[in-house]
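Below, subunit A partners subunit B and then partners subunit C, in two separate complexes.
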Partner chain A sequence: MGELLSIKNLKTYFYTEDGVIKAVDDVSLTIREGETLGVVGESGCGKSITAMSILKLIPNPPGKIVSGEIIFEGKDLTKATDSEIRKIRGNKISVIFQEPMTSLNPVFTIGDQIIEAIVLHQNMNREQAREKAIDMLKLVGIPRANEVVDAYPHELSGGMRQRAMIAMAMACNPKLLIADEPTTALDVTIQAQILDLMRELKNKTNTSIMLITHDLGVVAEMADHVVVMYAGKIVEEADVFEIFKNPLHPYTIGLLESKPILNQDKERLNSIPGQVPNPLNMPEGCYFHPRCSKAMDICRKEQPKLCSVKDGHKVACHLYKEVK
Partner chain B sequence: MAEVKNNLNKGVELKGAKKEDIMSPWKIVRHRLRRNKLAMAGLYILLFMIVVSVFGPIVQKYVFGITMEKIDLYNISAPPSLKHPLGTDEVGRDILTRLMYGGRISLTVGIVAVSISVVIGSIIGGISGYYGGVVDGIIMRFVDIFMCFPFFPLLLMLAAVLSDYKVDPKYRIYFVMVIIGILSWTGLARIVRGQILSLREQEFMQAAEALGLRDRRKIFRHLLPNTFASIIVSATLGIGSAILSESALSYLGLGVTPPYPSWGQMVQVATDYYVMKYEYWKWIPPGVCIFLTVMAINLFGDGLRDALDPKLKR
Partner chain C sequence: MIPVLIGVSIIIFLIFQAAPGDALTGMMDPKMSYETKQKIRKQLHLDEPAIVQYKYWVQNVIRGDFGESFYFKQPVGRVMNTYIWNSFYLSLASFILSVLIAIPIGVISATRQYSFIDYFFTVFALIGISMPSFFFGLLLIKWFAVDINLFPVSGMMTPGSTAVGFEKFKDVLYHMVLPLTVLTLGSVAGLMRYTRSSMLEVIRQDYIRTARAKGLREKVVIYKHALRNALIPVVTIFGMWLPGLFSGAMITEAIFNWPGIGPIELLAVNNRDYPLLMGINMLLAFLTLLGNLIADVTYAIVDPRIRLK
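The block that comes next holds the complex of A and B.
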């Protein structure tokens, strides 16, 4: 499996009136062809911003990619011009957003919106594009695709809309699909269907998926490789079995412990004490130390570096020593 | 799992078998509008005016042999009769025919002037709202300045310049349309800008950006259609006020000049005390026409606003 996208030392900062917010701080990750990368973390930890940085969808100002490289097919996207990046958006890299309810333009039919993407990026006229749009709707399991193609978003349920969004995202056979919490707004049964669908499509088309979520269940089901983020930094990175079997970083352990487990008689779920630090006023040393039960003196002074402790398992914590 | 999926699909298909009508937004609006009697009355009056103005002169010409310029020397300032249902004016021209022509002109002025203001207003409002920030600040201050211009004196001045340049009466009306249009886009620009300002933050615009669309396409294909409801309402109401402006201008002798008739200009004869007191047929019909048309437009526009408002549930 070759590398499809690699992010190197990406820093995306937001320059607000109150100060600089380091939303993404020195993040490096790689997505291989046909792989699903799960990016996990609490709200506001920078996982969405990392994904949006790839397509330069950061609102600017106040946001700005300060430094770093995003290499996609041998080209650095951070240096791409507007028209170059527009050709990649929706074509080679497409996005599924969190809110299917509001991510479709209410005044156009589903078909119009899928057709627009196809006509824009592929050499097809409207009739061919319409055929393709209907095929895509069938592919994502929408019944009566011939009729739904002329339906307005408000006529469809949430699950149907999310399917339509996926159809739109997949219409140009993208190399990489960024799914930004694709199932958060859906109920559990629909969630399972959408995840099945995404996995099916991935296997059919060999598309890589960058799956952003805070739901560890979704990660366990979908991802091949997992990146755990905290306060704009990657704290742990490993493949999915390793993460669930042998989590190292206290934050990852905390996350896994706070997961609800069936057949367990418990009054309350475990939670990680404390709150995500204020991004304007990050603690010195390791960002996680105020909430960490294993915090040591060094944690308060020095920021740990991401180092590999095992083959393919990296962690940023002073508890572990790098293995050469 | 597969079985569940099949059942689910079957369920959806069963519901679809009923073949329910897909309600497009426009269908909903039509449905709502039809229940508003006042608005429908306005629409019918308006349609009546349009039909009579468009086809009336043709009928008059080819059936009765009367044109707006034809002078009936035997019937000068004649009261309504069978031959001239609304009488004749001081040079013996048939008032009804002139009224129909005047209707053509007044309605054209209304529609063209509003089209101009809609085009300018939505483009400027769209750009201003989409880019926001400095661009928005500059454009909106420009709009503020534009709004400070006293509308009517400026109109009078421009019209006076036109008469000074001896513009052919035939083309003057087009200048009037353009002037009214150019002076009245500011309100619309503000409305459009305000809506786009909030629309561009919606998720579907982020989705549109992620599709790789150009700014132009995002503004005019994705954002503006979302503001059509308010554009339509404000345009409809704008037609009424454009007709009024034209009437006022023509009344003052600065808009449409004879031999071409317009409603406002026809009312002008009422400045003569004698005409006002004894020759009612000369000025009451055009006055009634202006009143009815503008009222019809306002009623219809109000109805349209209610029908297009998605928050209004009855």
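The block that comes next holds the complex of A and C.
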């Protein structure tokens, strides 16, 4: 499997009146062709900003990609011009957003919104694009696709809208699909259907998926490879079996322990004590040490580097030594 | 709509009943003897109770007869017809111009929030809202009519002009420039701020991000996806402007001596011309209701979420 996208030392900062927020701080990751990469972390850890940086969808000002490279098909997207990036958006890389309720324009029909993307990127006229839009709607399992194509978003349920979003995102056969918490706003049965759909489409088209989520269940079901982020940095990276079987970073361990397990008689779920640090006032040393039960002296002084401890397993923690 | 209109007619009738004097005091020779006055009062049913008088008035109004203006000695309908269209041309031109100027400015202001150009238009809007029209009108007359003699001081046509067709249109347009500027400044300011705030709200929505993520050009994102949504609240206030198109701009029309309905209203008040005032008020009430109806219909057209199945 070749590399499709690789992010190297990406730094995306937000320049606010109160100071600089390092939303993404020196993040490197790689997505291979046909692979699903799960990006996990709490709200505000920079996972969405990382994904939005790829397509330069960061509102600027205040946000800015300060340094780093995003190599996609041999090209550095951070240096791409507006018109170059527009040709990639919705075409080679497309996005599904979290809120299907608000992510579709309420005054245009579902069909119009899908057709728009098809006409823009593919050599088709409106009639052909309409046929293709109906096909896409059928593909994502929407019944009565040739009626739904003329429906407005408010006439569809949340799950249907998210299917329509997926149809829109997949319409131009993207190489990479960025799914930013695609199931968070949906109820559980619909979640499972949407995940099945995404997996099915991925197998059919060999599209890579960057799956952003805070739901470890979703990761276990979908991802091949997992990246755990905390406060703008990657703290652990491994393939999905390794992460669940053998988590190393205290934060990852904490996350896994705070997952509910069926048939376990427990009053409360475990949780990681404390809160995500204030992005304007990050602690010295390891960002996680105030909440870490295994914090040592060195953790308060020195920031750990992400290093390989096993084949394909990287962690940024002073507890572990790099293996060469 | 009909019950509201009936209510409005009762209120208008009561207000003018309560106003001092009656038809005779405005219409008749003051030296007329008391007996003659009483006789005429009886003829005009003015001696009967208010409810009976209301019945007579409504019967006539339904037939389109608002009675005779005391001051002009002409049927109210004819007086209104003479002047109201002059007001309408001026107001309509101002309305169209305001929309054409205000909406693009509002969009530019919103997409470049806090930039120099946004501050510039904000200051412009503030001036436009705070500038009294009588003062601005006089300033324009001083600068453009008196000092450089570019536009006429007042009126709607060159006196004695017999031009017809396009020549007449050009002459009217030429006379319209200054009053139009005064009227438009005020409404552009308000409408532009309204568009700006509506647009600002829309461009933060998720579906704008979706549109960008599709690879659309920024122009398409703003002028198709965002503007279409931002205009929903703006378009619906257009219906409310309908009575304004016919009510005339009293002060501006008076300053520029524009033969519109505005100065006529003033004249009617000063001369206790009750039939004319009641006629104008009834018409405006009707147009207000019609405007509301149009606003509701427009809302349903521009916003698919409102459309009835």
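What we mean here is this: the second predicted complex is superposed on the first by the 324 of 324 C-alpha atoms of A that agree within 3 Å, B and C clash if a C-alpha of one lies under 4 Å from a C-alpha of the other, contacts with A are read in each partner's own complex, and residues count from 1 in each chain.
Going forward, a contact is a pair of C-beta atoms (placed from the backbone, for glycine too) under 8 Å apart; a residue touches a chain by one contact, two chains touch by 3 or more.
All values derive from a computational prediction rather than experimental measurement.
Student: So, on subunit A, is it clash or fit between subunit B and subunit C?
Tutor: Pair status: clash.
Student: Based on the superposed arrangement, let me know which partner A:284 touches: subunit B (first), subunit C (second), both, or neither?
Tutor: Once the two structures are laid over each other on A, A:284 reaches no partner at all.
Student: First (subunit B), second (subunit C), both or neither: which does A:150 touch?
Tutor: first
Student: If we overlay the two complexes on their shared chain A, which of subunit B and subunit C does A:257 touch? Say first, second, both or neither.
Tutor: Neither partner.
Student: Quick one: classify A:200 as touching subunit B (first), subunit C (second), both or neither.
Tutor: neither
Student: If you count the residues of subunit A that each partner touches, which comes out higher, subunit B or subunit C?
Tutor: Comparing touch counts on subunit A for subunit B and subunit C gives B.
Student: After superposing on chain A, which stretch of subunit B overlaps subunit C: 5-13, 23-31, 59-67 or 95-103?
Tutor: Comparing the options 5-13, 23-31, 59-67 or 95-103, the clashing one for subunit B against subunit C is 23-31.
Student: Give me the intersection of subunit A's contacts with subunit B and its contacts with subunit C, in residue numbers.
Tutor: Shared contact residues on subunit A (touching subunit B in one complex, subunit C in the other): 55, 57, 86-91, 94-95, 97, 99, 102-108, 116-117, 120-121, 152, 165, 168.
Student: Show me the residue ranges of subunit C that touch subunit A in the complex, using the header's touch definition.
Tutor: For subunit C paired with subunit A, touching residues are 205-207, 209-218, 225, 228-229, 232, 302-305.
Student: In their complex, what parts of subunit A are in touch with subunit C?
Tutor: 55, 57, 82, 86-91, 94-95, 97, 99, 102-108, 116-117, 120-121, 152, 154, 165, 168
Student: For subunit A, which residues are in contact with subunit B within the complex?
Tutor: 55, 57, 85-91, 94-95, 97-99, 102-108, 116-117, 120-121, 141, 143-144, 147, 150-152, 155, 165, 168, 193, 196
Student: Spell out the residues on subunit B that touch subunit A in their complex, using ranges where they run on.
Tutor: My answer: residues 1, 5, 9, 12-13, 16, 22-25, 202-204, 206-214, 221-222, 225-226, 228.
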